[in-house]
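Input: structures, listed below.
Each of the two complexes below includes subunit A, the first together with subunit B, the second together with subunit C.
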Partner chain A sequence: MTADSSSVALTNEQQTAERREVFQYVLRRFGVYLFTLWAAITVAFFIFRLVPGDPMNILLGNITRAEGRQRDAAEQEVIIARYRKIFGVDDPLPLQYVNYLRKAILGGLDLGPSFVEYPAQTKDLVFRRMPWTIGIFTTSVLLAWLVGTGLGALIGWLQRSRLSQLAVVISTLLQITPVYLVALGLIIYVGYTWRILPAGGPYARHLQPEWTWEFISSLLTHAILPMLSNMIVIGAGFTLGMRALMISVLGEDYLTFARAKGLSPYTVLKDYAFRNALIPQVTALAIIVGATLNGTFIIEVLFQLPGLGTLFVQAMGLRDFNTMQAVVLFSIFAVLTLTLIVDLALPLLDPRVRRTA
Partner chain B sequence: MPALLEIRGLSAGLRGRRSVTPVVSDVDLDVQAGEILGVVGESGCGKSTLAAAIMRLLVPPQVLQSGSMNFRLADGSYDLAQLPARELRQLRWRQLSYIPQGSMNSLNPVLRVERQMTDTLLQHGLTKAEAHKRSVAALELVNLEPKILESYPHELSGGMRQRVIIAAAVSMRPALIVADELTTALDVVTQRQILQELAAIRDELGATIILITHDMGVVAQIADRVAVMYAGKIAELGTVNGIFEAPLHPYSQGLIGSIPRESGQRVEGLPGEAPSPWKYPGGCRFHPRCPEVFAPCNERIPALLPQKPERRVACHLYDAEVAADA
Partner chain C sequence: MRNPSIIIGLIMLALIVLLAMAGPAVVQQLLFPGERPGMRGSYRPYQLDSPQHPIGTDGDGRDGLMVFISSIGPSLQIGLIAGATSTSLGVVIGFLAGYARGRLDTLARILIDMVLVIPTLPLLLMLAAYIERWDLYKLSLILGIFGWSFVARVIRPQVQSLRERSYVDLAVLSGENPLEIIFLELLPPLLPYIGYVFSLSIVGSMLAEAGLQIIGLGAGGLPTLGFMIAKGFRESVIAIGLIGQMLLPAGALIYVFLALNLINTGLDEVFNPRLKTTIEGGD
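And then the complex of A and B:
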């Protein structure tokens, strides 16, 4: 009768085989990651160049307007020719593409000069703007995930109570509201009508970035509404997702058994319901991260924050390919990396994946 | 000797929008200390509902409608039907254990076996070392090695998982174990082994077991007494030997007649189908399928009356009063 219990013990061979499998999984996952990154860059490269409008003409128009005088045609030709050379847009597209990749990979992330803030390097521009986006985006998504997961677990656990049903209705309404409407609502009511919190700009206009309490508190209060806009919509989604996961877990046989064992409701909730619902909820985090980055870009524009979203909009106006590409590159990189981390971390949470991975 | 568990007038049903549909109706049942009581009936007759009602584990829309369940222990008597949640929790596992139907999925897939066996023991006040020792001892009762504690459920075979559940259920040496379709999903060999292990556990721990099954063969193998259930009511109650030798209720006769005796030999089953709770007929619920049906059967509900020693039957055929009227 004990014969079949011997299968539990893993022989050394099995363990080695298992380790090899895990290694292959990680390798394969990493390959997919690199391929996706490359594909996204490539698509972005060609798509942006198909947008009508010559960046040189637009740039020239801006210079002209700034200087307030019209140049003659010959002079214009010279300027355009010079810029075209700097930006390398004279070469045929395939060559431009190869050059772009070569510089980006071998040249230490040399993404070319930007048109938006010429002669600043695109790379520097992106690095300067990135903290805003990362700060607002990651903080609000993580907070939304924490709050949504907790709230969703609670209303799933108390699924039959009135309050929990009300919470579901509210979350559903919030979840289907576009993020820009929520942002505009907050700007209009909280920012202008009631004047509770600032609703535009990264910090008060009269301040300079420095390590003073005044500046930091201004920075934080200015960040509340943009982050709240993001959190409300994403958090509502996380809440509903976690609630659904909880309810499906609550119907599982192992939950009935846990209750039959005489465990306290708290232990049942913590070790049996919440723990199991959490695994797919972590995966949801990775998916949502990708799907909501563009929402953050919109929020940056609406709240006039100097992040990647506003940079992208500026670059779009100038057909500044280099900058647009850099923003996309960065976004994809961030999203893919997060997904990769979650994918690789999942086996730690779920013993079932460990073997099948 | 007073019964360990004395169920009186137990009714449970499904709450609908307007009314409650009865699933288990007016069940009277005494479970004697130390016995294995089989509860047998076709699938859908309300056996699992009865088990969950005894365990107070009904989940909406299931509701306990009425009845009392007196659970007599050395330190006093508890009505399971009325017991507040906190006291119920104290009783569970210590005195009252459950092996649910579909125990294959009753283990949490993301927790190791050890954690799932010991968490209850820890909550009942044992130390870590004691809890571990008890789990190992319980596993031994079902012929599992201690190293299984390190495993996750998906690493175990169906039979092993079922054994882990049994071991968990007996680890606190409870007075009463309610086992629902213990062996249904298992192959015949494993089934037989597990039943033998269960019988051994009863002998060793002196536990009382309510063994719920749709399989008369399982009852014949290890039960002392059997309650035959039909459409949410008890049709006949008696010793296994008595009922197998001379079933009185027409439904019991049909059930016993339909046990396949020798391999290949087809036997005639019961004609017709068991009704679902929404279609329970009036009068005797068995009357549309009963070969012996007569005048009062579709109107009067037969009571579960004592017949010869150690036998109760709910059938008008054996009710002198009704027979006289007809």
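And then the complex of A and C:
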């Protein structure tokens, strides 16, 4: 409020200076973003390489099992050597790293072949699985945030009523329940015991992906439980978070003052309490992204959805570096980018967080 | 500390700690004198509930109740060690980053963001698959080390926002040195928040551990509540009718989380009296 009124009185010169400052902040933040992206990818690359265990032996084991006959040692050597060459694991580690970055950046995200579905490209594999993860993740998080923020603001505002106390108890119980327990509960009871909704697989088994009503409705009904598991837990968290923020904002002096001025309760709620409580709530959205992505991976595995989490678990079993790394790369990129967006949006909401170096 | 939430939370926590410590011995004495209920193959597997086996036997022929009772301790230990590790690391780094301006802040922020975005679950899964035998401390420390970035990430903006308030300017003007400002001006209002974050970290670590188990690549053979749930799900114990073997460990996890949550809420009210006056005096 003070910031708004004082900005009116700013001279032209001050405005230019302020604009330059904002521009510098955005530029610096973007530089940090790129650096962090690079650093995180690098750390991930080396962590994956430094753990012991040769993926080639596992690959060979799979080939042997598939063919049902044991090869002699010389033949095994030849096969292993061939695959090692294809996957480029013979080079020294620094060279592998440089090659990896070069191909990933200049080669149009060429992340090498995958073991999981050899010879499919890792890139294609990830792009094919990505929509599942993104779909479940974004839909459930956004819905949960909207519902939770609204509900939380309301409960915080009506803090003394019975109904809001009940809502607090219920959301507390839901929030502390791990998302996979909610998922397990839904699978066991809604899916198998009561048979209300399907609880496994992306769509009914006899269907093919196509633009028909039957397929789409099957897709949607299969998506309800996974999304619901995510939404229940995250939504309850957002509700409680927003409520706490509202209550602490309601204790601030400027709110007492606003009431004393005789402003209508609605104005106080909307312009004074809600807006100030919203700032940390937006930050909370950014923070929850990483954890929720983890939760989404687990949900995919439990509901047998062909998303990135399931892909990772498959790749894990084969020590498929390329695929595991690609999934991690995707997660890093997603979390970083969302954090960047929130950080850039934050100064717009809160004049206090202004970079004055 | 006469806050009812804290007291109830602490009592709940004390009860489950007691159960974790004394439970196995008591169950052994009362129900299975002279037997080995926790040994594989002691009984016929998948027996339904009976006076002898209150929640049946599991797929390995152990008594379900005994497995449950002895799983509580490891779960709690993991949460505590990992939570303490990540909170202390995170608070120090968060304060440094939030208080410092300029280059140090940028550096710390890059570090925090970097660790924060490296997705923990895949890495934990990978470590879990590579490390043959997990011991409890190894797992706790790793969970803790993966968790600090979250703490730092939420503490930093709080410190930053507080630092911009006028009462801190006043303290600077009146000649307090940075340490005084951090410990006298910035830390006290954030204590409930730190307590809250600590409790969240405990919860987060226990969650991550159980999640690892449930996704099926769990820490090889650590007998925790998560392991019991995962095993129950894989063996469809509910379909067999052994509901207790899923509900008890799941309930115990939720119970611990609830206790921590109550302590949390209470801490918030004690350290931040405004919360209470608002609740009592607000219109």
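Assume the second predicted complex is superposed on the first by the 336 of 357 C-alpha atoms of A that agree within 3 Å, B and C clash if a C-alpha of one lies under 4 Å from a C-alpha of the other, contacts with A are read in each partner's own complex, and residues count from 1 in each chain.
Here, a contact is a pair of C-beta atoms (placed from the backbone, for glycine too) under 8 Å apart; a residue touches a chain by one contact, two chains touch by 3 or more.
Just so it is clear, the model here is predicted, and its values are computed rather than measured.
K.L.:
Output check: A:Arg160 vs subunit B and subunit C. Expected answer is one of first, second, both, neither. What do you get?
P.N.:
In the superposed model, A:Arg160 contacts both subunit B and subunit C.
K.L.:
Kindly classify A:Ala40 by the partners it touches after superposition: subunit B alone (first), subunit C alone (second), both, or neither?
P.N.:
The second partner, subunit C, only.
K.L.:
Between subunit B (first) and subunit C (second), which, if any, makes contact with A:Pro178: first, second, both or neither?
P.N.:
A:Pro178: touches subunit C, not subunit B.
K.L.:
Name the contact category of A:Val147: first (subunit B only), second (subunit C only), both, or neither.
P.N.:
A:Val147 sits against neither subunit B nor subunit C.
K.L.:
Does the superposition put A:Leu293 against subunit B (first), subunit C (second), both, or neither?
P.N.:
Once the two structures are laid over each other on A, A:Leu293 reaches subunit C alone.
K.L.:
According to the contact criterion defined above, which of subunit B and subunit C contacts more residues of subunit A?
P.N.:
Partner with more touched residues of subunit A: C.
K.L.:
Check whether A:Asn276 is in contact with subunit B, with subunit C, with both or with neither, and answer first, second, both or neither.
P.N.:
A:Asn276 sits against subunit B, while subunit C stays out of touch.
K.L.:
Have a look at where A:Gly262 lands relative to subunit B and subunit C in the superposition and call it first, second, both or neither.
P.N.:
first
K.L.:
Do subunit B and subunit C touch any of the same residues on subunit A, and if so, which?
P.N.:
Subunit A residues touching both partners: 160, 259, 350, 352.
K.L.:
Give the list of subunit C residues in touch with subunit A in this complex.
P.N.:
101-102, 106, 109-110, 113-114, 116-123, 125-127, 129-130, 150, 153-154, 157, 160-161, 164, 203-204, 207-208, 210-211, 214-217, 229, 233, 238-239, 246, 250, 253-254, 257-258, 260-261, 268, 272, 274-275, 277-279, 282-283
K.L.:
Applying the document's contact rule, which stretches of subunit A touch subunit C when the two form their complex?
P.N.:
It comes out as residues 28, 32, 35-36, 39-40, 43-44, 47-48, 51-53, 159-160, 172-173, 175-178, 180-181, 184-185, 188, 192-193, 244, 247-248, 250-251, 259, 280, 283, 287, 290-291, 293-295, 297-298, 301-302, 309, 312-313, 316, 324, 327-328, 331-332, 335-336, 339, 350, 352-353, 357.
K.L.:
Under the definition above, what is the set of subunit A residues touching subunit B in their complex?
P.N.:
Result: residues 1-2, 4-5, 7-9, 160, 252-254, 256-264, 267, 271-272, 275-276, 279, 349-352, 355 of subunit A touch subunit B.
K.L.:
Residue numbers of subunit B touching subunit A in their complex, please.
P.N.:
Residues in contact with subunit A: 55, 57, 59-60, 88-94, 97-98, 100, 102-112, 115, 119-120, 123-124, 143-145, 147-148, 150-152, 154-157, 159-160, 165, 168, 193.
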